[in-house]
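Each of the two complexes below includes chain A, the first together with chain B, the second together with chain C.
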Partner chain A sequence: MISVENLCKEYADKTVLASANAAFPVGCITSLIGPNGAGKSTLLMMMAGLIKPVSGSVFFDGVPVGDIPVADYARKVATLRQSPGFNLRLKVHELVAFGRFPYSKGALSAHDRQVIDDSIAFLSLEHLRNAFIDELSGGQRQMAFLAMTIAQQTPVLLLDEPLNNLDMKHAVQIMQALRRLCDEQGRTVILVIHDINFAANYSDHIVALKSGAIHFNGPVYDAVTETLLSDLYELDFEIINSKRGRVCDYFTPVLENENEVDG
Partner chain B sequence: MNFSTQGSAQVSCRCRRGLNVAGIDWRLFSCFCLLSVGSLFVGADTLVLDDLADPLSDSWLTLTASRLPRLAALLLAGVGLAVCGVILQHIVRNRFVEPATSGGLDGAKLGILVSLTLLPGVGRFGQMMFAVVFCLIASLVYVAVIRRIRFSNTALVPVIGLMYGSVLSAVAEFYAYQNNILQSMQGWLLGDFSKVVQGHYELMYLILPVVVLTYLYAHRFTVLGMGEEVAGSLGLRYAATASVGLFLVAMTVSITVITVGGVYFVGLVIPNLVAMRYGDNLKNTLPVVALGGASLLLICDIVGRLMLYPFEVPIGLTAGGLGGCVFLLIILRGGARG
Partner chain C sequence: MSLRVMSGVVVAVLVLAVIFVFMGSGLDFDYIIPKRLERLAGILIGGVCVALSSIVFQTLVNNRILTPAIMGYEAVYLMWQAMLLLILGTHGMAALGVGLNFLMSSFLILIYSWAMHRWLLSQGRRDVYQLLLVGLVLTMVLGTFTQFVQLRISPGEFSVFQNLSYTSFNRAQPETLLYAFLAVLAVCVVGYRYLSELDVLLLGREQAVSLGVNEPQRIRLYMALIAILVAVSTSLIGPTAFLGIFIANITYAITKSRLHRHTLPLGSVVAVIIFITAQLLVERLFNYKTTVSILVNLVCGAYFLMLMVRVRTTL
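On to the complex of A and B.
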């Protein structure tokens, strides 16, 4: 459905992304992982059409995204970014209503209202419906923004670090909501994520980037291995299989091991 | 079940706030009506109610040739300036911006000066076109500059605007000085409604279509206020919409400057007050903003007319003073967030 071909991006003379090729599986959660500055967010923003690539193209259903009008693309792909500068005083239901903007341009139909209610209910935000978003906690705020993105009812959702600055409970709530979006509604979710354990336990597919190149692209099972992750993050990883999933332990690097390898 | 409780909660919320269907507080509306009527009866000539039935009486003439035009001009300017403030604040994404703190007002003045010297016989409409072009360019430059610089402190944005406006003003003054029209230019520096009589204010009616267009674009302007990335993700053509907004602002500012002069703070105070209580969803708040702007100007005008009765203090002074005080209060109460 969405794929990138030979995608390149440079700022001044620094190459952020060099000739990236990838196809993203439909109806799956794909996590973009990798160290800071690997080009994850740049790749995501180019797929969202919010940054123009230097060369190469993003394709949606085989059509180059550059050829799709912005207003049409907003009905195919919804993007959620961290928006620290967002200072509008809107109520939660008003914010979610703007998710219908690509369809209604403001005049909400009965169907639009239904979708807004459903999106709010999907994330169990009914009790916050009439709260102003600038008076919410960070986690509730992020949920409200996610509800707006869901209300856009696009087959593809792109999320840039949706778990940033959230406590564990809200992070789990958001990941479970994304899981349900895929499993119940068949939507494709692509997200940039730093917490490797969330990526390992909630995604179907992993695209790993390292210094502006795609390092790995495949199913999550093949991605979460000690060798691949150690190589990707240059950290010592231990994968622990538990009944509830896989845990990547990288918190305390084992120095003796390194010495042995070096020796 | 759930749905019905939600509905009743909304209804009770509405009753508590006294909102009617149009989203306007009835207290605000009745206040506005009182002010409008009051404005008609304040002035050097007293209106005699009994005489108003006679179309040939002095009172009738005062009412139709001076008081009603003045009321109309006040309402249009108040509505226009408050709406302008809100549009600019959404485009620049800063609550402290209005035409007077973004170079727009000074750009319009410069435009009028240039038209006066280059094409003296061009008339009011021609002057307005010049003012619109200069105001639009000045605002575009300001927005371009603000977008290039990433500020950590939001108060810097209007400060830059004030500096920029002062530079434009200085250019205008130098230009006026060279062309010996400094004196006539001083006339527009301060807003003054005392010159508004029948035949000299009709240009103001052009503000009406601007306000209607703004209302039609209300959702788009709210999306603009969410920033370029959110706007792009929602399928809004950011640059085009922002340009439309700046054009509407340029129209309103130019029309007001030509007809009544520079009026400050209305575009700053009213949107901030409204946002604190009603939020930023323009489709709902624009009517309140418009009503608030008109009411504030009415108050300032009545105060100005009564202060040194039977003489008048220009509205530029009263609006600046009153607006400045209210604005200080808003900042001190911490209502105006970055």
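On to the complex of A and C.
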């Protein structure tokens, strides 16, 4: 459905992304992982149409995204940027209503109102419906923005670090909601994520980037291995298979040449 | 915003307008009342221009403490007036006529804004903040140049210049009012089409694009419309500097909403109320010993501070 071909991006002389090729599986959660500065967010923002590539193209159903009018693209792909700075006095349901803008152009129909209510209910935010966004906690605010993105009813959702600055409970809630979006509604979710354990336990597909190039692109089972992750992050990884899933332990690296350091 | 608030402020405007036109006029329909109607029309058009341009500008730059004055439009106007005085003198200015001066100043402001937008907004990667920065620097450069010209003109010419640098509704004439009205009408018709997209732009550039707003195009369009409004109001009633900040923020406080279908009509009415009140006070209480700008800054500044202290929330 959405794919990139030979995508390149440079800022001044620095190449941020060099000739990226990838197709993203439909109805799956795909996590973009990799170290800081690997080009994950740049790739996502180019797919969202927020950054223009230097060369190469993003394709949606085989059509180059540059050829799709912005207003039409908003009905195909919804994007949520990381921790939107917000100084507006809006209620949660008013924010979610903005998700209907690509359809309603500001005049909400009965169907739009139904979708808004459904999106709020999908994330169990009914009790916050009339709360002001600027009075919510970071986690609740992120949920409200996610509800807006869900109300956009696009086949593809792009999320840039949706778990940024969230506590564990809200992070789990968001990831479970994304899982349900895929499983129940068949939507395609592509997200940039830093917590490798969330990526390992919730996604179907992994695209790993390192220094502006795609390092790995494949199912999550093949991605979460000690060799691949150690190589990607240049850290010592231990993968532990527990009853609930796989845990990547990288917190206390074992120094291989400890003796040499001492000497 | 409730219907009650809107009808309340509309009634207030009507009452103020009736007082303004008829109080102490002796029902003189030959001279006093037509003159007052001219000033009232100037207030109406000027108020609408200042309110619309300030509120939309604050949306585009995502900042509640700026007005289009920061772009240097008014600096262009003042420099042009100073140049005219230097070259033509007071007699030449009088010979030029208010109507021609209005057209020339509006035209110059539009040329200035067109050049700046073309230079800074045409390439996709440049953003609004760069436009603001350049506008601010140009404001200062033009201001300094104007000061330099001021040193070359006679004290008599200087007092004329000083009058032109204040907001005043006494300059309005039927001819200029007609041009101004047509321009504002055209701006409203064009601007109304994408009114709901302005609301989405409040969420920030990236969210707006993600929701299907062609952000670069809309920014260009509305910046151009703002330039027309500012050109009209500056040429009609003089520089308003930062009056728009008070008008916009008082409007947000009353509507408790930032949706433009609420703020734009109410903001226009608020601006007209403030201007009529200030003009009444200047004419009746202070007998032209003070100016509208000083009065509005004083009263609105105090009111705004009170709002900030009393309502400790983001609006």
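Note that the second predicted complex is superposed on the first by the 253 of 263 C-alpha atoms of A that agree within 3 Å, B and C clash if a C-alpha of one lies under 4 Å from a C-alpha of the other, contacts with A are read in each partner's own complex, and residues count from 1 in each chain.
We adopt the following convention: a residue touches a chain if its C-beta (ideal position, glycine included) is under 8 Å from a C-beta of that chain, and two chains touch if they have at least 3 such contacts.
Treat the numbers as computed from the prediction; the structure is a model and nothing was measured.
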Side-by-side fit of chain B and chain C on chain A, or clash: clash
Chain B versus chain C as contact partner of A:168, first or second or both or neither: neither
Which of chain B and chain C A:52 touches, first, second, both or neither: second
Chain B versus chain C as contact partner of A:63, first or second or both or neither: neither
First, second, both or neither for A:254, with chain B first and chain C second: neither
Partner chain(s) touched by A:23 [first = chain B, second = chain C, both, neither]: neither
Partner chain(s) touched by A:73 [first = chain B, second = chain C, both, neither]: both
Touched partner set for A:89, first chain B, second chain C, both or neither: both
Chain C-contacting residues of chain A that also contact chain B: 48-50, 70-75, 78-81, 85, 87-90, 98-99, 101-102, 105-106, 134, 152
Interfacial residue positions of chain A with respect to chain C in the complex: 48-50, 52, 69-75, 77-81, 84-85, 87-90, 98-99, 101-102, 105-107, 134, 152
Chain B partner contacts - residues on chain A that touch it in the complex: 48-50, 70-75, 78-81, 83, 85-91, 94, 98-99, 101-102, 105-106, 126, 129-130, 132, 134, 152
Residues of chain C that touch chain A when the two form their complex: 64, 124, 195-197, 199-200, 202-204, 206-207, 209-215, 256-258, 313-315
Parts of chain B lying in touch with chain A, wherever the complex brings them together: 2, 6, 9-10, 13, 93, 95, 218-220, 222-223, 225-227, 229-230, 232-237, 275-276, 279-281, 283-284, 337-338
